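The structure under discussion is supplied below as structure tokens; questions concerning it will follow.
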Amino acid sequence: MPTLARLTRGWPALAVVALFALPASAAELRIGLQEDPDILDPHEARTFVGRIVFNALCDKLIDTDEKLEFVPRLATSWTVSDGGKTLTFKLREGVKFHDGTPFDAAAVKANMDRAKELKTSRRKSEVKSVASVEVVDPLTVAFKLSEPDAPLLAQLSDRAGMMLSPASFDKPVGPKPICSGPYKFVERVQNDRIVLERFADHWEKDKYHFDKVTFRTIPDSTVRLANLRSGQLDMLERLAASDVKAAKADKALKVDSVVGLGYQGITVNINNGARADTPLGKDKRVRQALSLAIDREALVQVVFEGLFEPTAQPFPSSSPYYDKSFPVPKRDVAKAKALLKEAGVEKFSFEMQVANAPVDQQVAQVIQAMAGEVGFDIKLRSSEFATMLNAQTAGDFQSTRVGWSGRVDPDGNLHQFVTTGGGINDTKYSNPAVDKELNASRIVYDVPARKAHFDAAGRILRDELPIIYLYLPAWIWASSAKVEGFVPNPDGMIRLANVKLK
Amino acid sequence: MWSLILRRLAVAVPTLFLVMVFVFILQRMLPGDPLLVMAGEERDPAVLETLRKLYGFDRPVPVQFFIWLREVASGNFGSSLRTGAPVTELIAQTLPVTIQLAVASLLIALAIGIPTGVLAAVKKGTWLDYVANAISLSGLSIPNFWLGIILILFVSVNLRWLPASGFVSVFDDPLEAFRTTIMPAFVLGSGLAATLMRHTRSAMLEVLRLDYVRTARAKGLLESKVILKHALRNALVPIVTLSTLLFGQLLAGAVLTEQVFTIPGFGKLIVDAVFNRDYGVVQGVVLCTAIAFILMNLVADVLYIVINPRLRTA
Amino acid sequence: MTAVSPIGISTAGAEALAQRRNRALAKFLANPSALFGTVLVLTFVVLAVFASWIAPYEPNKTNFLMLRKAPSAMHWLGTDEIGRDILSRLIHGGIASLYAGVVSVFIALFVGMPIGLVAGWFGGWLDALISRATDALLAVPFLILAIAFAAALGPSLTNAMIAIGLSQVPIFVRLTRGQVLAVKTEDFVEGARAVGVPNSLILLRHITPNIFAPLVVQATLTVATAIIAEASLSFLGLGQQPPAASWGSMLNTAKNYMDSAPWMSISPGIAIMLVVLGFNLLGDGLRDALDPREQ
């Protein structure tokens, strides 16, 4: 190829230049992100990737550790009283915001009020049960709930529990967020980078070892990896499964992974408008046949090198709410065909929406091929993610290949999708028995008692299959072998406490 | 000349108005509610409603258009729906990036295109001419984004010589800037080099036929001197004009190159905005591109007249 | 033609036209690079038309035991991410590229030419309006326009063709208008006008045949641009949709496997390059052959 010939002439010169590639100072950590975060205001933010940045920038009342148990942060302890309707937090002493103002009970109240009242708040539904917040003393705050709310603690371990300096509320927060986290905001170049620097007055500053943390947005996994290898990055999140082999083969790199909290599956239009009127939407046997037609193990092997976890439940097997009595179903072509025959639709064509991203399309094509062997003729309809969700909400779909990024509390992975009138119940599936169990699960704090409700709902849902669960994505991080102390957490976040560069 | 500039500027106003109309209509045709994208995974209907009111999407489309028009007229280009950043700030951040890339590409294109063009013209009909032509046509035929992928594959992933992505300003760190810009600039400049080469070749051929070149030769001047001093200088006139025009094309060509090399420039800003349904950014940025484009065309015209005095009366 | 021509002038025009055509053909046939371009294009056309017979495998047939295998005797260009034969997909993908290139240019030509004719012939406020609208569209970079159209219409090959076609309309409007202005003052047109031939007839019988040559040249060269544009849109996920193949969408997937399966990235790009080169050579040859200055 002529252009290559033209190119190679310059190589020796370039190689010399390459020798001068400067390593970053040891006190800087550079992290590669897959997407550009959205607005940096915890009350307005909505993306997964934004939460990674917030974990360095903002402290929350409580946090979840790698076993998904709650641990103290700004709140040192918490108690539930009044039949589950009062949640009292003891706050840490001597905490300061980045602007130097002190953190106290009044600040918690101001933040909760903002989360509830700010016009553009995305946290409203998360903290809906909080009727009022009372300042008991400067270091004690009581949340008064309208009804017991078991998922609330999990919400407060995420963005709803992040504390901004109330002194910053009079200006737009997003362009320059002021929190109390270990690193403070320096600058942001949209689509490129977000720069943070050490907050010298942080209450736990001894655990944080970098002067500067830079988040760089690089959408392609392979390109992120190339940047890590060439020393432009120290760490990256969401390495593609197909790149893991190459990363593991490189001695200068480390790969960490853990199965996450989200799931991927097929959402079927059960009762959302005229397009639900298909054998797939109307007859659960057809959905059961589709589920049996898919070899989840093979799907995960083909597309994700076996690194993701095949499943037929919305919670990961590491969750206390996972139903161990229901293993991942094996593919059963004969049974699937029999079910289709019973339903009277041996050959049957339906449409599946799929996002126009390459990996999504790969998954869809594998499903298409597998289901084809049973008698399903799946027509793929690609669209951009935004359009796809729009169509799904409007009922303009027969089925969608879609998933959910996952929440710490199991309620977040299930309730709103399958209960009658649920906020994102696009299937418009409705079953009073499921509603009863899942509503009941919200007001009990005791784990085994809650699990009983989830199990009961799960048994019904596995039979009726409004959503066919397929696999649980794993979070995969790659980092330079010099990075020490990183603890993978199923929520996919990067927590920088005790992380160092050798 | 001044009257020409004034006339062209007067024509630019309705043109820009039409650009605004097109952009507005086109993006309102985009499927997918931008607010649904913004409402987050939960898509809380109450939040959706509030946002719709807040951004004025509940008003009739023509009203929205005139509100935008009024804002633009008063110098407010709006802000990003996704991050809340003002469009002018985003442009101020991304434009220097794309300009650095475009300038580097233009330099590469000139450095490759003009010498090969001259060579091809001087050696017209020889194998050198054919090879130069073949290379230039291949350069025109290679899809930019693919050349980018292939370069990343070989130079960054396999050989690990140059960073695969990113951007460093030449004013911050010239060496790193060179390392990050050279590959995308080459990709972007290669097609341009081909165009320049072809134009240089034909311009040179035309000039070489002219009397004064023949006279110079007849006087026994060194051939290299004839070519460089007499022929090339005159052939450069149309090429300079062309380069100005091509600069506009470069800004446009940067769209995919920036996507492939993850360069936070103008092109990436707009493509991401289209995909995120970030209306504020799409509107503002397309408008600014159009203004820049029209200005570049004007500059090209003026340059042409300055260089070519015969046209001054036109 | 003479049946409708009221006077001999246009017949003389037609004869000259025919003569010019013969000369152009001879010139074209004598140009080796133009012939090479023609052969390249024809090769891809034949491959595309007879794809089902030529391709060694079924293009959408997956094989989960043959994922991302490097080129071998069984699969000359290797296999892709779900075990399909890349050569077969490449051959079938050519249909999408050629189709997109040609159809979109036809759209651009048949929308752009009438508008340009009207603008050039009638002039006045109509011309001013059309010219400003053309300027406006040309002021927005072509690819951004195409991306916006394609996103608005939704991702599919047909929509990508429409998007590319619409984005190229202004080029043809401007070219046609310029040509009309040049031909408008020719004797045979003035003559036809003087004897009261209706506008529509003059445009159809006298103007169009005389401005067709540059339009054909432009169209051929635009096919080359359009093929790259289709590949670009597919690369962004806005063109051909799975499981059907197109070179651009193959590259879109391939970039995720740059490291582990580089062969997935190489062959589709070379295919695009060759077919675009073919159209560029063909277009150049046509331009040289039809250029009146060089006769």
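Think of it as A, B and C in the order they're written, each chain with its own count starting at 1.
Going forward, contacts are C-beta pairs under 8 Å (C-beta built on N, C-alpha and C of every residue); 3 or more make two chains touch, one makes a residue touch a chain.
Every value quoted in this text rests on a predicted model; they were computed, and no experiment measured them.
K.L.:
Going by CA means, which chain is nearest the middle of everything shown?
P.N.:
B
K.L.:
Between A-C and B-C, flag the pair that has more C-beta pairs in contact.
P.N.:
Per the contact counts, B-C leads.
K.L.:
Give, as an integer number of Å, the spacing between the C-alpha centres of chain B and chain A.
P.N.:
Centres of chain A and chain B (C-alpha means) sit 38 Å apart.
K.L.:
What is the distance, in whole Å, between the centres of chain A and chain C, each centre taken as the mean of its C-alpha atoms?
P.N.:
Chain A and chain C have C-alpha centres separated by 45 Å.
K.L.:
Any idea how many Å lie between the Cα centroids of chain B and chain C?
P.N.:
Once rounded, the distance between the two centres reads 23 Å.
K.L.:
Of all the residues in chain A, which ones touch at least 2 other chains?
P.N.:
Within chain A, residues 220, 222, 226, 383-384, 387 contact more than one other chain.
K.L.:
In chain B, which residues are in touch with two or more of the other chains?
P.N.:
31, 138, 142, 147, 152, 157, 275
K.L.:
Would you mind listing the residues of chain C that make contact with two or more other chains?
P.N.:
151, 154, 255, 258-259
K.L.:
Enumerate the contact residues on chain C facing chain B in the complex.
P.N.:
33, 132-133, 135-144, 147-149, 151-152, 154, 224, 228, 231-232, 235-236, 251, 254-255, 258-259, 262, 265-266, 268-269, 272-274, 276-277, 280-281, 284
K.L.:
Under the touch definition given earlier, write down the residues of chain A that touch chain B in their complex.
P.N.:
1-3, 6-7, 11, 14-15, 17-18, 20-22, 36, 38-41, 46-47, 119-122, 124-125, 172, 174-175, 189-193, 216-220, 222-223, 226-227, 229-230, 232, 383-384, 386-387, 389-390, 393, 404-405, 416, 423-424
K.L.:
Okay, in this complex, where on chain A does chain C touch?
P.N.:
220-222, 225-226, 240, 242-243, 245-246, 298, 301-303, 354, 356-359, 361-362, 364-366, 368-369, 380-384, 387
K.L.:
Enumerate the contact residues on chain B facing chain A in the complex.
P.N.:
31-34, 36-47, 50-51, 54, 80, 82-85, 90, 93-94, 112, 134-135, 138-139, 142, 147, 151-152, 156-157, 160-167, 175-176, 178-179, 182, 186, 190, 262, 264, 268-269, 272, 275-277
K.L.:
Would you tell me which residues of chain C are touching chain A in their complex?
P.N.:
62, 64, 67-68, 81-83, 151, 154-156, 237-238, 241-243, 252-253, 255-260
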